[in-house]
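Provided herewith is a single structure, encoded as structure tokens, for subsequent inquiry.
For clarity, chains are labelled A, B and C in written order, and residue numbers in each chain start from 1.
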């Protein structure tokens, strides 16, 4: 009897220890990013960091640390990805949630999850050997490694996220809404467009935001497939270098403890904040579409 | 009314077309990798070292490296993740602080992987002096996987009916006995599925290991967790962007992509089968 | 006669809401006591307090005493696990574990350290016989308990509670999810069990209370309004509130 109680209490404390460690380490990530990122601003002015498009930390004598060009690149690529992925993803989600038979749905859902499982380095590779050359040929460019290439690949990568979350939202629309619409003589398509999708609106937005988050944070794909040019992009046919790619390229060669080193953490902290805002926003919206039945 | 039904046909077919397009993307990627990669796959490719500046030979050390580092990730992330989830779900009160902790963990599951790479460099490689090693990379990937394992395990525990806990306690079980004999057996397939998916993601990641331990080329397998290692995802990155003879090594790159993709898909399919069986089992008992 | 289970000035708060407002109740040994009253009157809450199920809910605060043979189960340092072994509980919805029929019955014995196969078998058979389930399941002891019908599941849960030989058995609307035939079998079982055990049952079904209970307590808004022998309470209630409830004016 005594032994059982001892085990019970010991295990509780063991779990508590594990939980406390995990939580502290995970929260430590944020603390460390902020701590190291803030150090960068001892030598860089906030105005230069955010409003200069000139990033040249290793320039002899007068290094510059403006992230505007890479920030623009990140958003350009993400915007392109969303233009492609949102109609496709929401359309496919609508089909799976409301049109497809249960059997089709059960087969297609894991297949789409498989798309999410493809490592980003493989997607980047496809961008180099297939999508990039294809773009170059179609648009007559000398090099296909452009923002457009990145946008297409990121669209494919964010599709599973958008489809899964949006499908969940669309399926959660109560049947009574549909029945009411049908009983008024509306057909399936009208019901979908006028009743079901508006009812799932906030969940669909949450899905899009999460897909966007995935695209903003993606590293290897853009690193491999967008050409990595440090200039301000003028459009989708320019090569770009995103925030994530910059960290990936420069972290390997930067000396520990320099302003350059800390500036990469500042970029990382900014990325972290963006992803935090994206996730909180999505979670907040996704919570709203749950209908109480 | 005619117009209306035409609209409906058009609309539904557009949706159908979108689904096919998504499937086509997956098909194209798989076809490209399988059709061009399968030619180089043979026992030499799987079990030999790279030769002649990586223009010939196999990818043996990269396969072993990926396995080693995923093993370290497993040892770290799975016990920690499951224990944390059990504490949060079974022991912790549902108060403000714990809700905040849960929300933070969910959010960390969505943080870009390169951020974990930054953390790994600052804390494991430099801060703790573990250097560029299997250990640093494994721990970094472990942190990346941890929030995912915690969330999926909590989800699995939440799905166990409350009455299983109450029933056991009412018969005089201690809390731990109720969890061990009644809650965990019902949640185990969900936990295993989540863990496998988490590890499959870790095995395919490149950004977090880029600066924490992976090496361009090594002539030996890592002898301990303090050595550097080669890894499949990084090898593919090198062969397709950094190699001096990119066109010449393209077939090797395809082969590497195929092996990596196969590994990840096998893990995913195993997870799917476990989940599918569990779902049927669940149906049977209602 | 000294009561088997005695509730003394029991208060229970959920956060700031007072759900039980000073309950006093004596449960005599080898009797069936029914708790009746409108939804939300606190009867299930009181029942759950009797084996400290509220310990699971950090919001719930309990004040007062519940004495089992003069021994307060809420005394500081009291071993909850030991309390729950002596006071078993059967829940509203049948909750068999996703294990075999045999393992369900043996569960409580196994966690208490009983590993002797033969002994376990003997107890499983005895408790299944005493809950009239033996003839129906004796060839299927290895089958999942979830394959049984609702009524069989509930009798299994009663057998499971009885197997650890508690002194008091608490039943929280044990028949509310069952058909009339299963209900009749369980009532029959309760009358049989009261020879060995003391039973407290929460029920919504007035006929059921009259059929099985020796004593009945009528509860309203967290208080026991009237507690009397069942026949007396139903035929000649002393309180106007009780009379109103029984004649169906509210509830």
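Just so it is clear, contacts are C-beta pairs under 8 Å (C-beta built on N, C-alpha and C of every residue); 3 or more make two chains touch, one makes a residue touch a chain.
This is a predicted model, so every value here is computed, not measured.
**Q** Make each chain a node and each touching pair an edge, then name the shape: line, ring, star, complete, other.
**A** Shape of the chain contacts: complete, all pairs touching.
**Q** Quick check for you: compute each chain's CA centroid and the global CA centroid, then name the chain with the smallest gap between them.
**A** B
**Q** Kindly indicate the chain pair that has more C-beta pairs in contact than all others.
**A** A-B
**Q** CA centre of chain B versus CA centre of chain C: separation in Å?
**A** 48
**Q** Give, as an integer number of Å, the spacing between the C-alpha centres of chain C and chain A.
**A** Taking the mean C-alpha position of each chain, the two centres sit 53 Å apart.
**Q** Can you compute the centre-to-centre distance for chain A and chain B, using the mean CA position of each chain? Integer Å is fine.
**A** One centre to the other, that is 17 Å.
**Q** Multi-chain contacts only, two chains or more: what residues does chain B have there?
**A** Touching at least two other chains: 174, 177.
**Q** Could you list which residues of chain A touch at least two other chains?
**A** 4-5
**Q** Residues of chain C that contact two or more other chains, please.
**A** 81-82
**Q** Over in the complex, which chain B residues touch chain A? Could you list them?
**A** Answer in residue numbers: 4-5, 7-8, 11-12, 14-16, 18-19, 21-23, 25-26, 28-29, 32-33, 79-81, 83-84, 86-88, 90-92, 101, 103-108, 110-119, 121-123, 126, 143, 146-147, 150, 174-177, 197, 200-201, 204-207, 210-211, 233-234, 236-237, 240-241, 250, 253-254, 257, 260-261, 264-265, 268, 272.
**Q** Would you pull the chain C residues touching chain B in the complex into a rising list?
**A** Interface residues on the chain C side: 51, 53, 56, 58, 81-82, 84-85, 88-89, 91, 93, 95-98, 107-108, 111-112, 144, 146-147, 157, 160-161, 164.
**Q** Under the stated contact criterion, what part of chain A meets chain C in this complex?
**A** Spelled out, the residues of chain A in touch with chain C are 1, 4-5.
**Q** Can you list the chain A residues touching chain B in their complex?
**A** Per the touch definition, chain A meets chain B at residues 4-5, 7-8, 11-12, 14-16, 18-19, 21-23, 25-29, 32-33, 36, 87-89, 91-92, 94-96, 99-100, 108, 110-115, 117-126, 128-130, 156, 159, 163, 187-190, 192-193, 210, 213-214, 216-220, 223-224, 244, 247-248, 251-252, 256, 264-265, 268, 271-272, 275-276, 278-280, 283.
**Q** List the residues on chain C that touch chain A in their complex, please.
**A** Listed in rising order, the residues of chain C that touch chain A are 79, 81-82.
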